[in-house]
Amino acid sequence: MTTGTRTPVPVDLAPLRSYRRRRGLLQVACVIISAFMAVPIYLIAVAAFSTRAGLNQFPQPFYPANFGTETMSTFLSSTGITAGFINSMTVGIGTLLLSSLVGAPAGYAIARYMFRGKDSYQLFLLFTRALPIVVLSVPLARVFLAAQIYDRPVAVILLHSALALPTTILITSSVFLAVPVDAEEAARIFGCTPVGAFMRVVLPLALPGMAAASIFTFVMSWNEVLGATILTFSQRTLPAQVLSSLADSPLAYRFAGGLVLVIPALIFIAIMRKYLLNMWGTTIR
Amino acid sequence: MSSTARAAVSADSRRGRSRVSPAFWLILPSIVFMLFLFAYPMVEGIRAGFTSDLTGALTLDNWGRMVNDPYFTRAVRNTLLLIVVVIPVQFLFAIIMALLLQAKPRGTALYFYLWAIPLAISDLAAGLVWLSIFADQGYLNSVLVGFGLQPFSWLSYQSPGTQFLAVAMAEVWRATSLVLVIIVSGMQGIPKDYDEAAAVLGANYWQRLRHITLPLLKPSLQVALILRTILAFQTFAVAQALTGESFPLLVGETYRWYSALNNSNVASVYSLVIMAISMITAVAYLRILRDQSRQVAK
Amino acid sequence: MSLQAFSTYLSRRTLFGIAGGMTIAGALAGCSGVSTTGGKGGDAMLFSTQFTPIEEKQRFEQVLAAYVTDPKTSFSSVAVAEFTTSLKTQVDAKQLQFTVAGALHGDLTPMPEYLEDIDDLVADASAAGIPQSMLDLGKLGGSTQKYIPWMQATYVVAVNKKALEWLPAGADVNALTYDQYLEWAKAANKANGKPVFGFPAGPKGLYHRWFQGYLLPSFTGAQVTRFTSDDAMTGWAWMQEFWAQCNPASTNYDNLQEPLARGEILVGWDHVARLVEAPKEKPEDWIMVPAPTGPMGLGYMLIVGGLAVPKGGDKALAAKVIKALSAPAAQIELLKQNAFFPVVKADLPDDLPAPVKLEAQAVAAQADSPKALLSLPPIGLGAKDGEMSQVFKDCFNEICLQGNAPKTVVPKYAATIATILEAAQVPCWSPDPAAAVCKVG
């Protein structure tokens, strides 16, 4: 056996370089897109935390040159903001629950069963979303007045659930489609009832996807303004309370209001998104 | 999928179930819920379109008023233009974004979060943000002036081209996250085995994309496309914030007839037009995408 | 198949327990929310279309708290469309949730049948000094009193003193003619290299009032009865020339106080409440002047806001609120805070905020001018009021934005006005001569 120094074998670094370059380009692309998405948010935050005089400058500085909390604090202390916040949270969570309860079974049916009228059912769901709510507003208000639930969060929960139902059903159906039937059938073979199989096999796997549907629903409910405005009077949700006054307010307040509306939804997405990401790379089969 | 459906149906018939498929009971709550809530308002809303606002009698006058309105043709043209341009761009963008995420760059979690943020933004906030960018004394002109160029009136009624571009960009920014999240959750359902098997057998990235990923993504794409189209017909808040009334859109006209002109009958007619167009588009998408997915799913 | 993936399972009971608990909690919470108007049961509520901007709302709430103590009144202000819908649906369902409606004449015009007759409150109102002509407006074209006038406003021109150097020679900024105004705009344009005059032509801008109350009356002496006359064509031709001198971004200006404050424009005509913020930072840089005078006089428009009681409402409670708001002290405070002028007899104090003082001077000069020609917003058109306003906006659109000749555009819209007036069958309103049934001319 020969010992001693061996000339190192030249390693072809080209594939590694091209891999690194591809990864590099990937990062660059991601950063550019992130900038496109996030910079407007940054700008509205800067504008919301500027002094009034600062907003009148031209050219506008990109960094918080005129930092001032006065517009934000005036906005937050105006009547009805905290109350509206509480009402919006109630409505958002209620909508989440109600639309999941009603929508998940329907999503399961679309995913697993082939039944007559499936297409018409899906069309029916979309049909209800196709008419703008401004036209439905007056009859809808009458319905709720007659049912004595006008001006209560319950009314808004019902409306928002109905508005969110098509999205919920469509997303949960595609989520249930992703759960392999074999696993379910295996559970049944091993002695579970159909409902048990659903609970123990399908639901845990589908929960992350349903979390995605819940993001939509909560955010949609949080930002929905016209329906909430029409169905409530003195117990409004935050957008209903705020957006009617924002529309005529000076620019500074509109930025402040816009930012305040954005933040809770941002927090909610931050909490829920990990459910989506946990599924990455753990697809069964 | 058809095999599982056949399995389910045959399993039921072996157990001697009644003719009513269990699917019926599962979808019943949703049907009851929607009918309960929307049936009367929808009937009322549709009926208002055919009722005279003065006498309450049935009439087709409202249709005439809508068609003869000076803003009607522009509204239809602008709405269709926006749909035709913005939606394909959004889908392309969202698919690219989803594929980028699938390649798992470092910081995937952060990127996904940032890209999903516009979901949280309300129409008003989105309109304001882009207004602050495109306004005469806004950020875009600030950048131009910083580089020594002349500022430009992007939103002026005298330049409809840039008006459209501004609205299109704001809409792409605002609504692509919706499509992204649907596609991402659809991508989760694609088993990696197909992809890996194809890679082992020698397919390169683009071939795998074209023949495996995209076809298996079709159901999600269909969902996203229909939903996004229906919603696209109904959003105008961003356009209104940016351009005021110099870029009329169908839903904007609906609101205008309803609120400023106090005529909910003509507003109903506009909304019926919107509903008709979006339903036709939705049915068309269902047909086109369904046939192809049947072929793919053997 | 790996079984670890299935290791997390939810037992049926746990799942039902969670879902059930949350549903019950949600249902309980949903049954009652938190009030967003700051009011509690048993108090009165003022429901209004005015003071929607946040700062105005807060200031008005302070006025209410200080001057309307019995009953304690909370305040809710919404956009006009919502106001109309809410009022109508609540009256129809007989479930009123507010006591008094406070809105502009134009907001209340479409729904006289939804308002209570309040003739018994007229005596107190005229005793407080509200002119009879204004009280008559409150009948909404009918025979019974529907609202008690609450506040008034008009439109003036705000001028940044920087622009004074381009005034035409010999012109008095407080008594301009339309031609001088146009010359001024041209000179300012040339000197600055860009247009510095503004016009509130945004979606929520009040530019239709300019045509109804200022331009047409000043050129023709009437609002609708001389709509197609040659004088009207002259007026529109003037407008075409003037618009060419205006900042094109005006089509996005809902109010002029922000562009004025930003320095985008230096001169502009708008509602007093929409100009008042501009001089706030540096009042010494600004003056407010009356609108220009035309061949037929100084046409100006008066906007009246009123307090009404919804049909089926508590009249006694509402009467208390109306009386409290009609006190001179309350109305002066409203002027100081939100730039809406009193309707009752009240001497303006000297300690008004500077912007309001500027406006008060201009308002007085406008009304007291020997050539003043008072114009009112349309009376008695009901639900068609919006369409009437739209006619003037559409004329502006076609003549100024699209550049069509007035001769082709005006007759078309005269026909629209004719249809509206035909259906309404109401007498003419100032400045048109009184006639049993108004017809477009």
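When the chains are written out, they are named A, B and C in that same order, and each has its own residue count from 1.
The working rule: contacts are C-beta pairs under 8 Å (C-beta built on N, C-alpha and C of every residue); 3 or more make two chains touch, one makes a residue touch a chain.
As the structure is a prediction and not an experimental result, all values here were calculated from the model.
Each chain gets a centre from the mean of its Cα atoms; the one farthest from the centre of chain A is C.
The interface carrying the most C-beta pairs in contact is the one between chains A-B.
The centroid of the Cα atoms in chain A and the matching centroid in chain C are 38 Å apart. Mean C-alpha position of chain A lies 15 Å from that of chain B.
Under the contact definition stated at the top, the residues of chain C that touch 2 or more other chains are 79, 262. Across the assembly, chain A contributes 58, 101, 138, 246-247, 257, 284-285 as residues in contact with two or more other chains.
Within chain B, the positions touching two or more other chains are listed as 137, 255, 258.
Interface residues of chain A, counted against chain C in their complex, comprise 53, 56, 58, 74-75, 78-80, 82-84, 86-87, 90-91, 93-94, 97-98, 101, 137-138, 141-142, 145-146, 150-154, 157, 183, 186, 195-196, 199-201, 203-205, 229-230, 232-236, 241, 244-251, 253, 257, 282, 284-285. Those residues of chain C whose C-beta lies close enough to touch chain A in the complex are 1-2, 5-6, 8-12, 15, 19, 22-23, 26-27, 29-39, 45, 52-55, 57-58, 61, 74-79, 82, 85-86, 88-90, 92-93, 95, 97-98, 204, 254-255, 257-258, 261-263, 277, 281. Looking at the complex, you find that chain B touches chain C at residues 53-54, 70, 136-137, 153, 155-158, 240, 243-246, 255, 258-263.
Within the complex formed with chain B, the chain C residues making contact are 79-81, 84, 110, 202-203, 248-249, 251-252, 262, 264, 383-387, 389-390, 394, 397-398, 401, 423.
If you check the complex, the residues on chain A that touch chain B are 23, 26-27, 29-30, 33-34, 36-38, 40-41, 43-44, 47, 58-62, 101-103, 105-106, 108-110, 112-115, 119, 121-132, 134-136, 138-140, 143, 158-159, 161-162, 165-167, 169-171, 174-175, 177-178, 181, 185, 208-209, 212, 215-216, 219, 222-223, 225, 239, 243, 246-247, 254-255, 257-259, 261-262, 265-266, 268-270, 273-274, 276-277, 279-281, 283-285.
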